[in-house]
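Next up, some structures in structure tokens.
In what follows, chain A forms one complex with chain B and a second complex with chain C.
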Partner chain A sequence: MKGEKNMSKSKGYAGQILEVNLSNQDSRYKELATEFCRDYLGGIGFNARIICDEMPAGIEALSPENILVFGVGTMVGSTFPTASRTEVSAKSPLTGLFGTSNSGMFFGTQLKNAGFDALVIKGKAEKPVYLFIEDGEISVCDATRLWGKDSWDTLDILKKQYPGAEVALIGPAGENLVRFACIENGYYDAWARTGLGAVMGSKNLKAIVVRGTQGITPHNVEELIKVSWKARKLIETSPFFKPFQSYGSMNAAMPYGSFKALNANNFSQGCLSDWKENFARPKVEELTHGHIACQSCIIACAHWVEIKEGKYQGLRMKDMEVTPTVSFGSGCGMSLEATVKAAEMGQRYGMDMVSVAGVMAMAIELFDRGIINQEDVGYDLAFGDDDAIFRLMDDIAHRQGLGAVLAEGTMRAAEQFAGGEASAMHVKGLEMPMIDPRGRWSTWTLGILTNIRGGDHLRCRNPIENLRFNENKYDFQKERFGYDQKMYDALDMPDELKAQAIDLETDTVDIAIMSRWAEDLINLFNSVGVCIRPPVEHRIGPTILAEAYTAFTGIKISPIELMQSAERAWNLIKLFNLREGEQPEDSKFPHRFYEQTVGGKMLDEAKVQEVLQQYYQARGWDMLTGKPGEEKLQELGLCNLT
Partner chain B sequence: MNKHLIIDSAKCTGCGLCELACAINKTGQCQTYLARIKIWQEETRGFFVPMTCQQCDNPPCASACLMNVISKDPVTGLTIRRLEGCIACRACQLACPFEGCSYDYLQEVLVNCDHCEGNPECVKYCPTGALRYISTAESMDLERSAEAGRRCGLAGLVKGDRR
Partner chain C sequence: MNEILVIDYNKCVGCKTCEMICSLVHEGVCAQNLSRIRIAKNERAGWNVPISCAMCEKPMCVSVCPVAAMIRNRETGLVTVDEQRCIGCRQCVQACPFGHANFNPLKGLAFKCDQCDGDPQCAKFCWTGAITFEPIELSLIQRRQDTAEKITGK
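And then the complex of A and B:
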């Protein structure tokens, strides 16, 4: 009989790490040590330590030496609101740096209930396989019949075979080693960024099926329930809560459009001329009904979408998340309905939507510039030509024709064309997300430059970003705060640091100082498995998380120590990146942002560099090279990687 | 019975907080498998249906029980069990059309919803009002029949997937 009792002695944590070597089908169990838990918490913290300890320097990302780690957030499986997130990491085939991505839903809960806080995958299987993990046991199963199938067809088969299980899997793009392939998390979610699906594909690993009934024992049930309710009340009273509950992440689409801060037609226009009418809220709401939540979430920001008429009639899926919608809608100039179709294709093929939209937008621009032509592609390309874009997407997933070049990602593909670099919108090899730093310079946009995974917007966001204002009178140093004392007080941040970061008198936020805090805060969320949606980021901070962590795990930790653990993981990843060859000059936006204006604005390279240096200083890193300083490493108990 | 646990599946987001709230309050474990309320999901159609004991007037679980441990409480009207007599054969689970009986592997018995002594934890946790605890008079409206119809339809026609 399954799940007879909880075998683990540890509280909160499942207590074990499962390591599988696909080359010899060997599996090992490792007990979690309390110090390791306290120092690295879980999620991205575990992943960073495991990868830095066990991966040799300079390996090829698509080789068997790469290590893929699924780290479940500490609070996952508990009643703490939004605790559902699992971080997946490996060396990225796209950037050559630390590749990492975060996703929610129910995978982490199942992995923990199956008895594991992390799953480490090494080696390469001889032929296609999938893993089945259930209640402390793992089997490596033949996946020949699944190889070549798209992710939804594969899921139909696996979900029928293993009722109630959660599945992480790759689609054809991952099998074909498309460098920005993602790992799908069930039908509609993914660990998308940095090409982790290609890593899974390179290991001949099609899917990971997880089911567990073991249960997690909290250290102090009463205290956990109490702190969960406290956190819930905090989130529910954030002014960001209601808007996010009703409209999800699409809230950002219109303000960023009006700031001319979107990726319109490959970052050439700031905002499409018909953006406001085509992507207006009533139009989006007409297609959506119902809200969908991840484990333990009280917000439920995701929508169910059904298209009832027109060319894409009959399409129904979970969508209208701002990232795919704007990446395709604005970046490639597609219609609202077509973005749903594109998202469906992205899910079925298993590709990161930001990256695939980015590389296609580059191809269309190269076509416009006459650098590639109809002969190279096989058909004409144009912004807004849905059919051509779908055809190109299909070519990329299957590495056909020009698709084979584009499947290498924006940075590598651009090198194949004379003058291609001018159209390549990426930072450190990772395609830029849909926000244009020229249109709105803020903590969020500096974060794209400082992100440990390259050009991405999800690891640094001002917890009290004010979307009503967009003022650029601060010389890149500050952004407008724009809230009252009450909002200031509600922010869970050490008083001294808060006073440095936010100046109520001048109503400004210091971008460099806030970036450092926001990154550590989000890294903390990604360690303990809490969501980064604005109502959570605004109200949940180290104080309440320390209470929750101690109640759940029984490990005593102070808010300061908790932040330090998050900072430790961030610094460790930076050390990994430096070891893998990251150079100071890589922290730079594409030339276009410094040379061409959009909406009358552009970036001043010297001033951006100055803010970057201030950020390094705030982090305790060398101001010129961005290397973590000896003092900082000592403080965090880290040493340089060799 | 003065009050009923009413489920409006149209409002359910599938967050699973009702399951967790039930499990943690009844067993001290974070494991939805132990909950007495379960969310059935039709993932590719975007809807979720919480299922729990319907406190039937003439419960099929009681008829199916080999040990005769299930009965109706004459005062509260709830379906109750004499747990010490349960042999965990799961006949009640098979007989219930609503997935209302759960196996509690910690006690090695089958259990069902007991309305938490008039203060159901799942209702407190539900963030959208998909679960409500209301009086008989309130619950005897059309909404309830409509919901029953939806759920019977789901149980019979759609192959749902229980998490």
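And then the complex of A and C:
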């Protein structure tokens, strides 16, 4: 297929969206309109609008009607620090709601350089195919020889065939429609959550290979360089910067362990007794070295891991990020070294590590409870039994035996066993991440409940979260601020809202108000394509992003308008979820959190519900149903979806 | 002592900020293929190596240029392209053993590192210390010091 090569005069943006229908191998090129850019920015904003406009209501997620969108963040392909992120969205086969996931590295830069701000994939290919996109042209290629291969082996072949290209692809789990299969972004990264790999598999699409040389022309080169340098200095002066650079995302794991706020053995303990000893910082540092960065990043939070002795000797990869390490290590009771092997398997098979670890932890607990036995599984299951866990992972990826049931995800699998629901740790069908809200209640943990993609912690985090304090005295309403006036002043937030969110007198942060701000801020990051890591979220706000956006694209926008665009996308996704059947009562934690304690603490359902209502109010949504109110929709220029 | 771009590939994390800033200051566009410095990387094996002009004493690009458009300044050692003379034959691109000298299809001209007239932006924006602009003799002193520290453990 050949389309017209776009010699667009767009600044900052590549200027067009590529749409391909795999059913008839047709492709279309759509020019970006300035209003669309201003209203939805890019990344998740584009994805939300495209999906809401073009996807009929109530479709089956694994049917050809599903639409998979790769939306590149606006600032991607520029010098702006950490601008590397691309959002992928579709209807989730796991939750039935808006499925969406964000990843960095270099894919987005290549896609923009190939001429596209977004890639929209519709229909279903007759046989396995992959897409090759280069400088405005797209070909649909036969992928028969790649189907069945794991993602690393597939990458070895495609990277050799297309030097310099970036590849998004699925492994066997995606091919086998495992509901939490992910889309791998190169060897070590992924659009992991909400099962987008299964959507790709359902379309018979193995990989997307992208290579571009077109370049992105900024509106104002000097301003872009100036604002990039300024942003860098801001990020570098965050107190979160150095710890993150040297220790990466594992930073929060230790304090959360001491708060007893980690997922330990399927959320039964808060923290494993040997956690400190086995996952202590010196041990992690012993196994890691060097830094690995995404495009234009000045933090390089990822590290290279090498296991030099023992059972897992010889493993060399980018790893020991908090997700696989805690999900497998604490969640399934595995050793630190074994989590590296598990992460390798997760990547080769192409499965979301949080979800696969979650569903396996449930299975182990059901085994402990005697609800399933050796006959059902084919072997014994136990927390910390590495070999059994690897065997189960393999069964899930290939849908063998009990693996076929677990491949449906925690929510669906639990329905297959009498009493299974009590062990199913998910919110809205998405497996819970590695933090346990009972051990620490905060903006971050309320965010798991309000997240538009379900039980996940990555769309809401207080930009000034203070890990030195963990107090239980605020009736779920507040968390401790714990910083000085300087920290308060430096936070880029409108004054009036800041005064509502942070009370310096009582030294507290209002969880409901801060949650709304943090979600919109992160949604803004996921729209313009910068990273949500704490040093960035702390120091980069709408003011400098508005400067950067205008310098890059030439489109004038104020910080408030920028936040409003992010809020618009969030509300739109909520409308999508409501259209697809989300009910008010779905916004609740697993029963366990209201019934069993960890470290002497548990959640009070009525009080959590009260904070949730305050959050709805802060959003301008109906306090009882969580539906965006008419006034809010009008303010954002949105209509209810039909 | 002449300053040159010194590359310590052990420090490179592969963020490609150098590529972005280079193409931006030279061509007014963010385009890695128009950058004078490039990162060769192997994601699977985990290495990143910045490739820039070595400013060779006997530059192949200068030797093969049929129209004397590739010029080496004897005093500073700097090798640059005279765009008025360049005929876009790509001989320098093929001759460069590092894959550094490159060709701009939009202009029809060869391009290579010019060290930004003495203030290389890649070195300024590189936060890892992988790219520095200094006399190589001085960088070697530091490198020997670093190695010695590792050996002695002090």
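To be clear about the criterion, the second predicted complex is superposed on the first by the 636 of 642 C-alpha atoms of A that agree within 3 Å, B and C clash if a C-alpha of one lies under 4 Å from a C-alpha of the other, contacts with A are read in each partner's own complex, and residues count from 1 in each chain.
As a working rule, a residue touches a chain if its C-beta (ideal position, glycine included) is under 8 Å from a C-beta of that chain, and two chains touch if they have at least 3 such contacts.
Keep in mind that this is a model prediction, so the values were computed, not measured.
*Asks:* Should the pairing of chain B and chain C on chain A count as a clash or a fit in the superposition?
*Replies:* Once chain A is superposed (C-alpha atoms), there is a clash between chain B and chain C.
*Asks:* With the two complexes superposed on chain A, say which partner A:297 touches: chain B (first), chain C (second), both, or neither.
*Replies:* After superposing on A, A:297 lies in contact with both chain B and chain C.
*Asks:* Go through the superposed model and pick first if A:216 touches only chain B, second if only chain C, both, or neither.
*Replies:* Once the two structures are laid over each other on A, A:216 reaches both partners.
*Asks:* Identify the partner contact of A:77: answer first if only chain B is touched, second if only chain C is, both if each is, neither if none is.
*Replies:* Once the two structures are laid over each other on A, A:77 reaches both partners.
*Asks:* Return first, second, both or neither, reflecting whether A:316 touches chain B, chain C, both chains, or no partner chain.
*Replies:* Both: A:316 reaches chain B and chain C.
*Asks:* Have a look at where A:151 lands relative to chain B and chain C in the superposition and call it first, second, both or neither.
*Replies:* In the superposition, A:151 contacts neither chain B nor chain C.
*Asks:* Once the structures are superposed on A, label A:249 by its partner contacts, choosing first (chain B), second (chain C), both or neither.
*Replies:* So A:249 meets neither chain B nor chain C here.
*Asks:* Tell me the contact category for A:163 with respect to chain B and chain C: first, second, both or neither.
*Replies:* Only chain B is touched by A:163; chain C is not.
*Asks:* So which bits of chain A does chain B touch that chain C touches too?
*Replies:* Shared contact residues on chain A: 77-79, 106, 109, 113, 152, 159, 186-187, 213-218, 221, 224-225, 290-298, 300, 304, 316-318.
*Asks:* For chain A, which residues count as touching chain C in their complex?
*Replies:* 77-79, 81, 106, 109, 113, 152, 155-156, 159, 186-188, 213-218, 221, 224-225, 232, 290-298, 300, 304, 316-318
*Asks:* For chain C, which residues count as touching chain A in their complex?
*Replies:* Those residues of chain C that touch chain A are 13-17, 20-21, 23-25, 27-34, 43-44, 46, 125, 127-128.
*Asks:* With touch defined as at the start, can you tell me which chain B residues reach chain A in the complex?
*Replies:* Residues in contact with chain A: 10, 13-17, 20-21, 23-25, 27-34, 43-47, 105-106, 125, 127-128, 161-163.
*Asks:* Which positions of chain A touch chain B when the two form their complex?
*Replies:* By the definition above, chain A touches chain B via 1, 3-6, 77-79, 106, 109, 113, 152, 159, 163-164, 186-187, 213-218, 221, 224-225, 290-300, 304, 316-318.
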